[in-house]
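Down below are the structures I want you to see.
Each of the two complexes below includes chain A, the first together with chain B, the second together with chain C.
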Partner chain A sequence: MDYAAVVALQILSGVATLVIVSLGLAVVFGMMRVINLAHGEFLMLGGYTAVLAYGRGVNLWIALLILPPVVVGIVGVVVERLLIRRLYGRMVDTMLATWGLSLALIGGVTMLFGNSVTGVSAPLGSFIIGRFHVSVYDLFLMLAAVVLSVAVWAVLKFTPAGLLARGTMQNAEMASALGVAPDRVYAVTFAAGAALSGLAGGLIAPISGVVPTMGTAYIAKAFITVITGGAAMLTGTLTASGLLGTVLTSFTFLTTPVFGEVALLIVAIVLLRLLPRGITGRFLRRAL
Partner chain B sequence: MILTRRNALKTAIYATGATLAAPAIMRHAALGADPIKIAGIHDASGGLDTYGAPMIACLNYAVDELNAGGGLLGREVMLKNYDPQSNIQLYTQFATEAATKDKVAVVHGGITSASREAIRPILKKFNTLYFYNTQYEGGVCDRNEFSTGSTPAQNVNKLVPYVLKNWGKKVYVIAADYNYGQITSKWIAKYTREGGGEVMATEFFPLDVTNFGPLISKIQAAKPDAVISALVGGAHVSFYRQWAAAGMKKQIPLASTTFGGGNESIVLSPEEGDGIVSAFSYFQEVDTAENKAFLEGFHKKLGDKAPYLGAELAMRTYIGVQLWAEGVKRAKSIDRMEVIKALESGVSLATPAGKTTLDAKTHHTTVDVFLASCSNHGFKVLETFPQQPPSDTASVCDLIAHPNENKQYIVDIKL
Partner chain C sequence: MAPGARTGLEIGAAVIVAAVAAVYLPQVLELFSLINATVWVSMAVLALSLGLVWGFGGILCFGQTAFFGLGGYTYAVASINFGDTTWAVPLALLMPTLLAAALGYLMFYGRISDVYMGVITLTTTLILFKFASSTAGDEWNIGEAPLGGFNGIPATPPLNFPLAPDQQLVPEQIFAVAVLCLVACYAIAKLVLRTRFGRVCVAIKENELRAELLGYDVRLHKLVMFALAGMMAGLAGVLFANCVFVSPTMFSLSYAGQVIIWVLVGGIGTLVGPVIGCVLVQMLTTYAGTLSWIDPNLLLGLVFMAAVVAVPKGLLPTASGLLARLTGRAQL
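Let's turn to the complex of A and B:
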């Protein structure tokens, strides 16, 4: 019984991690159709911000939750100005440019901080379910995933900015004709996506080592989640995370981490064969 | 010669001239003699630089020390450091370059077993002497190579009995998924069985795995008496983090064949790292007069830049250079075969890590092994096992009987 509870908890935590690391990418891809190959490095910058701030005596929660999105959001603004803005509508070029950016960021951070692993210890301690000890931070990650999803949903649904963003996403020319500046909407969206990626980096810093190359471990999973999710960025990311996270964690439990990842990829491939436009390309189309 | 006044005068003049000229001629000879070139190939960048940086620091220090003592055979030793950037392709390229272009007398280098197996055949082909100074899984049998680090019969063989005696008979093994982890986990199983223990499960993890949540739950469900880790590299450090975060530190003790080889003890907080036990043929905290003297000199020379040496990798690199230098002195030559023969004649040195003796049959070393427990970012030595022979490799490799042998034996372990 307690074992089942622990397995369920791990599955939920796997799903939550996928939601957290995918959300920033989903916002940028879903709203702007820009494939940001530097997404993993935005996570990495968030992780470094958290570790460096904490190492300099900043309060742990400020270091994990406040500074990473602010710093990486600013990086997002700069990147959008210098790079992304010039390449709208040219998907392949954007991919190349952001890939170059990702290499440059890895190289730059390696030069500045070296290639050794850093990190912060997970706060909050542990609690006991039957025979098992579980990290409270896992629960915190689930909470964070829920709060982030609700926040994104609420912003899109209830604020004027969300309305403009949704309008531009549906039909940029029409929005432009109605007096909305798509450029500005895109800039804000990209910065928001970057901030979400940075926050994700801060959130996962305590459970994974922070290294310049840490992005590569997450970017593939984030991409598969977003693509499998399909057009509706929030609903798509949540359903895909739910499905893939469950598959990944269950198979990891039953076999090894290697087969867990294999199972995740097989499920994603089969799904995309059956639903080439992602889960929300067929179901829940009108969702956000 | 008839001794005439004229002849005597002539001789006297020549003799005086020669005497006056001698220092000049000799100094000229010393300057004219080429320096002895040697090469180091260690990752100064990339994912393995946490291992590489202290190794390079010790290599440089060893060469500086040789030169400060007048060089070798009256010649200066010139070290060229290559940085393969944690990239196997660059390893092969630099090994070829060192052997053919620089024509070095010896190559010290290679960190992972994968990098060693990439450059070992190249250096063999080009008849360039090779020293591999890292703790590894054992079994390399090649007369052109000397392995100065410890192997499972020396370290795992000490770690496992400690675990069985102090913590209990049921162990859970987790290891990195490449040849080091695969082979080492077999050795762990062998020694566990021999000690009357039981391996409950063995799990392998690719080097980029960072989520150990499911593993930690599985271990709790299995309820072992101890966990033995042969995890490697940066991503795997998150295991120790997540283990501590789940509150498992106080529940099930951890031992490791790799913990401390890199910067694990520095990166982890004392709450996460303290109490993890590992076994190596050196720790910076080893308390001997030789080690104290070495560290004093090392810190004096490098100042704030002196890296923490941790477990054996960096120290074995320093000792590797000393062993090679001893071979050159005995052979009075840098010729490859002469040096090999001299080293096979039974070389034994007093080092900061204790007495190190080269074994002619296997080209491995007999070393002191230390069992230590991680404590406040460093290690506390618990037990010392003097003069442990490389019996694993010795059971399969005899270079005296078969000097042309050239392979890595995977020691057959009956499971």
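Let's turn to the complex of A and C:
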């Protein structure tokens, strides 16, 4: 009984992690149709921000939750100005350029901080279910995933900025004709997506080591999740995370973490064969 | 000039250049440089395979290294088990072809758009990278061959003469074989593009919908093209395994990225371009490795971004365009 409870908790926390690491990518891809291959490195920068700030004596929660989104959001603004802006509408070129950015960020961070694993230990301690210890931080991640999803939904649904963003996403020309500057909307959206990725990096820093190449561990999963989700970015990401996170964690339990990821990939590829536009290309189309 | 004659001339020129290289270079290069040159030639085969599938098939494959690595691993495992490389090589060509066909079936028959295709192929190679890295320990032996986890298989045997396991090729001969393979792949690609099948592939790349409405089976053509390029990448893996050894690095993100850089720098839509791009970027990488003040990844990333923004068509088309303008002739 307690074993089942622990497995269920692990599955939920796997789903939550997937939601957290995919959300920034989903915003950028869903709103702007820009595939940001440097997403993993944005996570990595968030992680480094958290670890370095904590190491300098900053309060842990500020280091994990406040500084990473701010720093990576600023990086996002710079990247949008210098690189992404030149390549709008050239989807493949954007992909290649952000891949270059990803390599450059890995190289740059390796030069600055070396190739060793750093990290912060998970705060909040643990509690006991039967014979098992469960980390409270896992529960905190689940809460964070819910809060972030609700926040993204609320911003898009109820704020004027969200309205402009959704309008520009649906029809950039019409939005432009009505006096909205699509350029500015894109810039803000990209920065917001980058900030979300940075926050994700801060959130996962305590559960995964922080290394220059940590992004590569998450990027594949994040991409597959967003693409399996399909056009409706929030609903798609949540449903795909739910499905793939369950597959990933269940197979990890039954076999090894590597086979968990292999199972995730195979399920996703077969699913895309059946639903080429992703889950929300067929179901829940009108959702956000 | 008739197109057929031109293809013949180009293949002839490639054969002559290759013959000179295969005979002359082993005499002047030291052993270390010669082995390095063999690595570059194997990489050039990989670049050529991506240049074919991306530039002429219009298939954006970010994970060409999946087939490269699988070819290398199959070769290593099979030749250790057989004690002879004669049958290991065809097997090492077959496995990547099958993987490419299976992956291609899921992607093309699912009508997945090119961007998603890039992500799926990239993910495939990353998963193989993780899988190969986690195979340390005795439970991961295939027959007599230990997969060796992150260290790979250092004891990858070199090629031997067909059916003569005792007569292993020396590095000079392996270099010649590699150059021969490069030229053969180039000639095969050129000839395939001259056939009806190749022309339909190019037509699909130019306008998929129109080709489909004209009655061509887009999915099947793409599948065959993808499998052919997968086989070439597998051959590149065999050559690479012969001069270095197989390890999970063959599947890694940095290799997968480099192949794209080579093709992009050299020029999409040409076959010589990727080979030139490969050699130039390799020279740059080797040079960057000797610099202590800059990380090679950083330099590569910057070159990559600059190439996308500044010369999106690649060096060879840009250069031939410039040349044509300078000499006042119509573009080739």
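The rule we apply is simple: the second predicted complex is superposed on the first by the 288 of 288 C-alpha atoms of A that agree within 3 Å, B and C clash if a C-alpha of one lies under 4 Å from a C-alpha of the other, contacts with A are read in each partner's own complex, and residues count from 1 in each chain.
The definition used in the following text is that contacts are C-beta pairs under 8 Å (C-beta built on N, C-alpha and C of every residue); 3 or more make two chains touch, one makes a residue touch a chain.
Nothing here was measured: the structure is a model prediction, and the numbers come from that model.
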item: Chain B versus chain C as contact partner of A:55, first or second or both or neither; value: neither
item: First, second, both or neither for A:216, with chain B first and chain C second; value: both
item: First (chain B), second (chain C), both or neither touched by A:35; value: second
item: Partner chain(s) touched by A:17 [first = chain B, second = chain C, both, neither]; value: first
item: Contacts of A:107 with chain B and chain C, given as first, second, both or neither; value: second
item: Chain B versus chain C as contact partner of A:258, first or second or both or neither; value: both
item: Touched partner set for A:91, first chain B, second chain C, both or neither; value: second
item: Intersection of the chain A residues that touch chain B with those that touch chain C; value: 110, 216, 256, 258
item: List of chain C residues in touch with chain A within their complex; value: 60, 103, 106, 109-116, 118-120, 122-124, 126-127, 130-131, 134, 253-254, 257, 260-261, 264, 294-305, 307-309, 312
item: Chain B-facing residues of chain A, complex; value: 3, 6-7, 10, 13-14, 17, 110, 114-119, 121-122, 125-128, 131-135, 137-138, 206-209, 211, 213-214, 216-217, 249, 252-253, 256-258, 260
item: Residues of chain A that touch chain C when the two form their complex; value: 35, 83, 86-87, 90-93, 95-97, 99-108, 110-111, 216, 220, 223-224, 227, 256, 258, 261-262, 265, 269-270, 272-274, 276
item: Chain A-facing residues of chain B, complex; value: 45-47, 49-50, 177, 203-206, 208-211, 213-215, 217-218, 220-221, 223, 234-235, 237-238, 241-242, 244-248, 251, 263, 267, 269, 271-272
